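Please go over the structures that come below.
First chain A sits with chain B, and in the next complex the same chain sits with chain C.
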Partner chain A sequence: MNCKAVIIGGSAGSFQVVTKILNSLPRTFPVPVLLCLHRLKHVRSGFVEALSLKSNIPVEEPYDKELLKPGRAYLAPANYHMYVELANRIALSTEDTVNHSRPSIDLSFVTAANAYREKLIGVILSGANKDGAYGLKKVHDNGGIAIVQDPNECEVKTMTQSALQLTKVDFVYSTDQIISYLQKLR
Partner chain B sequence: MMVTDQDYQLFVFALKNSSKYDFSQYSEKSLKRRILKVLTDHSMNITSLVSRIKNDPEFVESIVKEITVNTTELFRDPQVWQTIRFTILPRFKNNSVINIWHAGCSTGQEVYSMLILLNELDMLDKAKVYATDINTDVMDIARQGEYKYRFNLAYLDNFDKVIKENPYNYEEYNDVPYEKYFKLDKANDTIKMLPFLREKAVFKKHDLVTENNTLYVKFDLILCRNVIIYFNYNLQCRVFDLFHQNLYDSGCLIMGMHETILGPPASRYQKKGHAYFKN
Partner chain C sequence: MTELGIVDIREIIRTVKSVHDYDFSNYALTSLKQRLERVMNNYGMASADSLIKKITHEPAFFDVFLYEISVSSTEMFRDPSLWRWLREVYFPEALDKNIGKFKIWLPDCVSGGELYSLAILMSEMGLTDKVQITATYISDKVLEILKNGSYDTKKLEVSEENYKRANGARELSAYYRTDKTGIVRNTSLLANVELRKLNINFDNAPQNMKLILFRNHLIYYNPTQQEKVLQMLHRSLSVSGHLVLGIRERISGISASREFEIINETESVYRKRILN
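Then we have the complex of A and B:
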């Protein structure tokens, strides 16, 4: 597959999974990784540091209009929606919450699907609401690969089950399977 | 429903051709979302929206207000305001006048944050505080200086962090009462800024996209927070140039937590913490 980016969404129960994925990616991962994860409202800082600790690739909360580079992970900053703009740039926004969430996983996924079309891999992990389900559908509708973490493995199943209800996804994978799938990207 | 690339272009061109507003260099993804919101709120399709824009100037004004995003709070990002309090404003302490511009002030919470801080530092009298926005409705709210109380409890936490506490000395605690600056009315669910603050700032309509400095003064400090995220990269560069031309030599630009200067204008500013100083 000719992949241009990977986008991962999750909320409650996804932190350990994301940590494990970042810890397993090769240092020279060929594409950017976009992370849209819900967090508690008062946890404004410290999250990116916690993710960086065990990650093989640099993790950052991007600045607005920053160019996306391969081999780096971009975490949606607290209280901002994170979009992918044309010309491979990040765009941030403080518009209203969507599904009570800012960042909204749906919005990140929809804009990434629009920018990368069939060259995008979208992954939905453990989480406590339905955010992300619509976004993953758009990834799939645009010809990208839609992956959902196996709900049986999820700490909280709402997010993955909502995604599975809405879309006939390409793969339902355990964390280890997600990792080996991503490791094969060239 | 979706806003296609074609819908988006129709909207931008209609607005550009039949009004003074130019949204062609706005950030594409968020503008598409705002257009979708307008279409949904008015139960319109793009054809009827565009034809109304062409024929109804008053409608255009209301659409521009609906398109712009107006999120703000009192002392938003307290760590930035601590920096302003302890390292930025003291630089201008010996000025005879200090000019401040809030570009894209929205409903004015940060204007009041600044006024409160200036007063705490005994600098309010020599400060000239200008606040501008493209949206006159939000500026009317800003002039009123009245906000919801229960919805905005974070305002009080932020106030405590910036005004009462000192991050450099945890033992210091300034017990400044809220009533010194605003009236809390829990029964009516309002926070109302006191008149001496409300009368201090000058509010004026201004469009960062199409206009130059229409305040006709230069500035020591420009605050433009979470405004340029709605502009594309090219337009951002223009705005950084505009600010650069209108800052005094020692002047300083403060933006949102995740905004930065990319590209050519970056060399004309020096970044120190949360602030960009004119080179």
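Then we have the complex of A and C:
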């Protein structure tokens, strides 16, 4: 597969999983990784530092219109939506919350799906609401690869189950399977 | 839900420009697309054509359109640490040295979150009579809503929390009342505020501003337009006047970054650089 980006969405129970994924990616991971994880609106710092600790690739909270580069992870900043704009740039937004969330996983996934079409891998992890289900459907509808963490492994199943209800996904994977899938990307 | 393609969006932008002389071509496309789709949904339009027809043939609709596609910015006292800094550091120092009215401008003022927060802060600091606040926007309808004080109930809870974290002197409820339409903010806070329409090119922008609050507006422009807007703001600022951007907004364009220097990294506060 000719992949241009990986996008991962998660909420309650996803932190350990994301940490493990970032810890297992090769230093020269060939594409950018977008992370849209629910977080407290008013706590600006600490999250990106915590994710960076064990990550093999640099993790940053992007500034608006920043260019996406391969081998880096971009975490949606607190209280902003994170979109993928054309020409491989990030666009941030303070538009209304969606499903009570800002960042909204749906919005990040939908805009990434529009930008990357079939060259996108979308992954939905453990979480406590249905945010991300619609976004993952859009990834799938545009020909991208839709992956859902195995609900049996999730600390909170709501998010993955909602995604599975809405879309006939490509893979239901354990964390280890997600990792080995991503490790094969060239 | 209607989905617009790039071709549709370009056609809508072209129509708006040729009929109304408003140029949206340098807006950030992704968020503009979402807002256009929202308008079409709200008005039950199935295709870009129906929107284009309405924009072309119904002059009164255009102001409504400008209102509908504006981003209602977020809660009051967003980023409480900025408001604490303004209260505890910035204003005491800036007003101490100031002679005459201290002029403040809020361009692209949509939901009034920033405007009412600032007015409350000025009132609590006893500075209302020492500042002249100007708030501008492109749509009359938005300005009307600001004037009548109505506010989105959904945003209240977060606003209350923000206000506490911003070391507000009272309770936020001292500044609004609830009636059957929802929340109505105390409009007497805006007694000395000038609210006026300003077109998309910022023609006749206010001048000699000591402070411009422009948080989370640049994000809705593409890099070309960001640079243009920054240059317009630069012209409006007085010597060493200050510009506050959103915390994930940075001035990075080559010419613009020569014209501003950052003085507070955490809160994205810039000072107009004096050019030699």
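Just so it is clear, the second predicted complex is superposed on the first by the 184 of 186 C-alpha atoms of A that agree within 3 Å, B and C clash if a C-alpha of one lies under 4 Å from a C-alpha of the other, contacts with A are read in each partner's own complex, and residues count from 1 in each chain.
Simple rule for what comes next: a residue touches a chain if its C-beta (ideal position, glycine included) is under 8 Å from a C-beta of that chain, and two chains touch if they have at least 3 such contacts.
Quick caveat: nothing in here was measured; it's all calculated off a predicted structure.
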Original post:
Put the two structures on top of each other at chain A: do chain B and chain C fit, or clash?
Top reply: clash
Original post:
Where does A:61 make contact in the superposed view: on chain B (first), on chain C (second), on both, or on neither?
Top reply: both
**OP:** In the overlay, answer first, second, both or neither for which of chain B and chain C A:15 touches.
**Re:** neither
Original post:
For A:74, is the partner it touches chain B (first), chain C (second), both, or none of the two (neither)?
Top reply: neither
Subject >> Partner chain(s) touched by A:29 [first = chain B, second = chain C, both, neither] >> reply: neither
Subject >> Contacts on chain A seen with chain B and repeated with chain C across the two complexes >> reply: 61-65, 77, 80, 83-86, 91-96, 107, 111, 114
**OP:** Could you pull out which chain A residues touch chain B in their complex?
**Re:** 61-66, 77, 80-81, 83-87, 89, 91-96, 107, 111, 114
Subject >> Partner chain C, residues of chain A touching it in the complex >> reply: 41-42, 44, 61-65, 77, 79-80, 83-86, 91-96, 102, 107, 111, 114-115
Original post:
Which positions of chain C touch chain A when the two form their complex?
Top reply: 28-31, 34-35, 71-74, 78-80, 158, 161-162, 165, 216, 218-220, 222-223, 226, 246-250, 252
**OP:** Could you pull out which chain B residues touch chain A in their complex?
**Re:** 27-30, 33-34, 69, 71, 226, 228-230, 232-233, 236, 256-260, 262
